[in-house]
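Two complexes come next, and they have one chain in common, chain A, joined by chain B in the first and chain C in the second.
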Partner chain A sequence: MTKAAEWQLALPLALCFVSLFLAPLLLLIGVSFFDDDKITQPGFGQWVKFFGDPFSYKVIADTLLLGVKTVCATVLLGYPLALVYLDAPPRLQKILIFVIVMPLLLSVVVRTFAWIVMLGRDGVVNQLLLSLGIISEPLRLLQTELGLVISLTQIEMPLMLLPLISVMSRLDPNLRDASAALGASRWRTLFTVIVPLSMPGLVAGCLLVFASSTTAFISQTVIGGVRLIYLPLLIWQQSLVVFNWPFAAVASIALLVSVLTVVSALSWLGRRSSGHLQG
Partner chain B sequence: MFSRRSLLAGATALGGTSLLPAIAHAKGSVASAIYPGTWEDAYRAIVAPALKKKDAVDLELQPLFAVDQIAKARAARGTPPFDAFVLDPGPRITGIEGGLFDKFDGKKITNASKLPAGTIDDWGIAVSAQVVGIAYNPKKVPAPKGWKDLFTDPWVSKLGLTGFQTTFGTVSLIEIAKIFGGSETNIEPALVELKKVLSKVAAVGQPAAMPSLFQQGQCDVMYTNTQTVATLKGRGVDIEFVKPETGAITFFTTLHIAKGSAEVENAYKYFDVALSKDVQEALTKPPYNLVPVNKDVPLPADLPMKSLDEMATYVQHDWAKINPLRASWIEKFNKEMAK
Partner chain C sequence: MGRQRSLADLSYTLVIGTLALLALLIIVVPVVIVLTTSFTEGRSLKFPPTGFSLQWYAELFDASKSRQIHRAVYNSLEVAAWSTGFGVLLGSLAALGLARSRHKLARVGDSFFMSPLVLPGLTFGLAALMYFTLIGLRPSLNLIIAGHMIVTVPFILRTTTASLSQLDPALNDSSQSLGASWFYTLRRVTLPLIAPGIFAGAFLAFMASIDNVPVSLFLSTARTDMLPIRMWGMMESTLDPRIAAVSGVLIAASFLLMLIMEWTVGLTRRMRD
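Moving on to the complex of A and B:
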């Protein structure tokens, strides 16, 4: 196929992107430069209001921090699971992949409400801990950041594991044997051979989990409650309750830019690590 | 020359279009927004078949919360995505101010005379009432007497709160503010008192999550409407409704015709059926538990009033005053309550 034909094949998707993604994005940016909620008076008022309020910076920082915490938790729990998958016999691998993908088959709303049942005062976790005598009073897990990170870790786990497993499955098993034959301990093999080689998958997983958890409006508001304020809740309130679309547009751009900055940094790290391995 | 394929395609298209007017004539329709959940279930099960039977009009329901209806209609700019709105007082005022409704002619509603006074105006008509007060779990806490009790033990540590996003949340917080010296336009005292007890409060949640939080025992006291209490009770949850000593709050849910709608006459027919005695009575029954506005309909036994006329003595609010302040209240609530 010629280069021109290839370019033409990509045209329908490119047109979709321009009309369904780029045009609304430009509209969003345009709307943010209006002072009033009726979108009649152009100006920078909403930008000044958003960035002149220290509360906005707190909300941005909390949103990004939530993403970082969820990424750390999914890496800590997901990486060992990926190692188990790597060493498992093919039948067990099939079962494991089903268990890993299962959360994706359920609606995010159902998964989120299921966590209310798990983390509530009379929920499964508290009842188990009370019956084992570990605690005497129910723990407060719902409407705390800890509870939110726990539930997001489960909800986002497939996004970490799938790229990780796909990269790790392609690693040459002889490398581990070679490392052992040269006298390296299992830990040394893990940290000097497996982890660096799996870095592209790990970075891709981190990227997906970060972008998804920082924008997980339903989980953030239902499990976190309204005292934990993240950018998606702020955008929802301004666009659908207060109808101040210009302010909501500014908050949306803040979310987009802050998440994109972290995602770009991660993706740069991923490219650097894979370039380092190949070079 | 026509190919055989293009000739066939043309003939099929022609045949198809010749059928279209017949279909349109046989099936008049009206598209209405409706609250998701109980309202949608109730209107699908009761109102839609009744409208079809009486007027041969199909009712298409689009599940949308009140604020989402306003947002969609505003975004559509003159080409409404549905013919009728169902709204609470706050979004109703936003709709009127935004010019989203067609002028309403109450004379076209045959059941209009069955409604309490003041429930029809130039913009729409009431279809259901809501009564807001305090709900509590009788197995966990004693019955609170009024709003002030919510700030003391044993209720405060079991209290579930919501902010100003919803109508019932806003009016409850206004009533709390009044107890502590505030008013319909001054909610500051409520926020001051809330802040004092915030560390003890069991949950500050999204309105849609509150019934689940109550069901799971995360909170045992909350402000809500009688319909939510009846629905949870129907699911076997231990819950009772208390009319606060300063009075229960009431407001109407109203129907409106979207400006630019092509199905205005069908919308009137739909409203009339929704307000008829049989339909309103069926809507009051479990699992729907809607409060009727047709005075011929007997009120459900668990409602804290004997007749609709009593509603005039209940606490009501002026949303034309509340709406302009609501954005700043939401902002303040965010900042004061944020962890």
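Moving on to the complex of A and C:
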């Protein structure tokens, strides 16, 4: 085989992707244009039904908001941890990275289950808050959005930390020393030097956390319960409980489009901010 | 001025330190709590656990009482093994093909193969269910293997491409100019050098398959039950305490795997870069 013909090695995978990935997705779009759940009457009925119902907009908005809240919480806690990692001696860094990567290898279902034990009426969080005297009676945390955001913060945290740490460890340490030598406080160095330079990692982390938390079906249903309805639960109910495939197809296209819109907006911002720095 | 600065620096250390500590606690504490409660003597999963016993582990490992769980574990392992195997074969071939190509299509192909990472898995899962059903295939483990291969191959592609990009092209050229065939060069020069990359990718793909929910949710049935879906069933409605024991086993397994991968291919270094 010559060097020019090497690209042909990608053909088997391309074939698999066309027949097992592209074809199903195109079929999904096709199915959405059928009015009845037997998939015999073509029409726009399901699109009209989905987008004519204010409830659908509420579900979409709730889903996207859940993603935004989780992103904010992971940034608020993850960014400082990444800063500490950056300043830590090598030995401590090794332990920290192990602690950060480990939950990523642990099943999402296990991490979700952990929060059932943590957030229950007599769970660890309530016990702690009661003993500290912050609250006088147990908070209801399971089956609330607050509880779900707390859980997702832990579940998605590694996705925020890995890109952040990857970008931050490549920063020139001299920049921080120079900033300090020129009289900037550590806060000023953080916001004028470190944050702008770590923007690509921050954006990548936000992107991963957003995409993952908005589609975290198991965490959403188990911790959020059935009263908090997000798009994944709606898709599951419509396809595997009600068996209205065309409607489920419309809902899953809505999920795809709304998540991808936010993700591409974020990555556009990321490219813009890194371009700005180099320019 | 100097005092102001040290005050500002003190507040920095305090605020950043507290938030980082909180982040560490939120990462570690739930895992530790689950591990401890799994050894409870009681019938409910409360913390602190009442007494110490291995009853839930005993029940979990009992072949007749937990047959469904065992079935799901075997299915998950089988699917992960096959989908990773196919993924390694097709993925590393594709990486070899695309990494050195300067063609515009190579970049398009690369983003096409990577797209399952950003695309909501549920959308693909539902699409795959409709597709397989409408072309008349009955639900089986083979279909789940195919679905998992699609969503996990990006991991293999990414690490293999990264290893290939660090490979010195002069090695290839000198091997070929010394008369080695293309295949001999691949086998004796390229593959040994990119093997750690492929291995790391295969590991990530295997773990992603074991943990996959969105594809299994739609493609698995009662007969082809998968572990995460089974565990979801154990948490819905009434909580089955054996889930704590399953979690305990999985925590221990991922901890061990992580150590092994760290020693063999330096996993954390690879994930950071």
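Everything that follows uses one rule, which is that the second predicted complex is superposed on the first by the 258 of 279 C-alpha atoms of A that agree within 3 Å, B and C clash if a C-alpha of one lies under 4 Å from a C-alpha of the other, contacts with A are read in each partner's own complex, and residues count from 1 in each chain.
Keep this in mind: contacts are C-beta pairs under 8 Å (C-beta built on N, C-alpha and C of every residue); 3 or more make two chains touch, one makes a residue touch a chain.
Keep in mind that what you see is a predicted model, and the values were worked out from it rather than measured.
Asker: Based on the superposed arrangement around chain A, label chain B with chain C as either clash or fit.
Answerer: clash
Asker: Between chain B (first) and chain C (second), which, if any, makes contact with A:131: first, second, both or neither?
Answerer: Neither partner.
Asker: Under the stated touch criterion, which partner chain does A:122 make contact with: chain B (first), chain C (second), both, or neither?
Answerer: A:122: touches chain B and chain C.
Asker: Of chain B and chain C, which one touches more residues of chain A?
Answerer: Of chain B and chain C, the partner in contact with more residues of chain A is C.
Asker: After superposition on the shared chain, which partner residues are touched by A:84: those of chain B (first), chain C (second), both, or neither?
Answerer: Touch status of A:84: second partner only.
Asker: May I ask you to decide whether A:174 touches chain B, chain C, both, or neither, giving the answer as first, second, both or neither?
Answerer: It touches nothing on chain B or chain C.
Asker: Let me test your reading of the model: by the given contact rule, A:221 touches which partner, first (chain B), second (chain C), both or neither?
Answerer: both
Asker: Quick check on the superposed pair: does A:253 touch chain B, chain C, both, or neither? Answer first, second, both or neither.
Answerer: Touch partner of A:253: chain C, not chain B.
Asker: Looking at A:241, would you say it contacts chain B, chain C, both, or neither? Reply first, second, both or neither.
Answerer: Once the two structures are laid over each other on A, A:241 reaches chain B alone.
Asker: For A:157, is the partner it touches chain B (first), chain C (second), both, or none of the two (neither)?
Answerer: second
Asker: Kindly classify A:142 by the partners it touches after superposition: chain B alone (first), chain C alone (second), both, or neither?
Answerer: The first partner, chain B, only.
Asker: Can you tell which stretch of chain C bumps into chain B once we superpose, 79-87, 205-213 or 223-231?
Answerer: Comparing the options 79-87, 205-213 or 223-231, the clashing one for chain C against chain B is 223-231.
Asker: Can you pull the chain A residues that chain B and chain C both touch?
Answerer: Shared contact residues on chain A (touching chain B in one complex, chain C in the other): 113, 116-117, 122-123, 221-222, 239-240.
Asker: Enumerate the contact residues on chain B facing chain A in the complex.
Answerer: 67-68, 70-71, 74, 94, 162-165, 202-206, 208-209, 212-213, 216-218, 326-327, 330, 334-335, 337-339
Asker: Touching chain C in the complex: which residues of chain A?
Answerer: Checking each residue of chain A against chain C gives 1-3, 6-14, 16-17, 20-21, 23-25, 27-28, 31, 39, 76-81, 83-84, 94, 97-103, 105-118, 122-124, 127, 150, 153-154, 157-158, 162, 165-166, 169, 183, 185-187, 190, 211, 214-215, 217-218, 221-222, 232, 235-236, 239-240, 245, 248-249, 252-253, 255-256, 259-260, 263.
Asker: Please name which positions on chain C make contact with chain A in the complex.
Answerer: Within the complex, chain C contacts chain A at residues 5, 8-9, 11-13, 15-17, 19-20, 22-24, 26-31, 33-34, 37, 45-47, 90-91, 93-94, 96-98, 100-101, 103, 105-106, 109, 112-113, 116, 118-124, 126-132, 134, 146-147, 149-150, 153, 182-183, 207, 210-211, 213-214, 217-218, 227-228, 231-232, 235-236, 239, 243-244, 246-247, 250-251, 254-255, 257-258, 262, 267-268, 271-273.
Asker: Once bound in the complex, which stretches of chain A touch chain B?
Answerer: Residues 55, 58, 113, 116-117, 120-123, 142-143, 145, 221-222, 225-229, 234, 237, 239-244.
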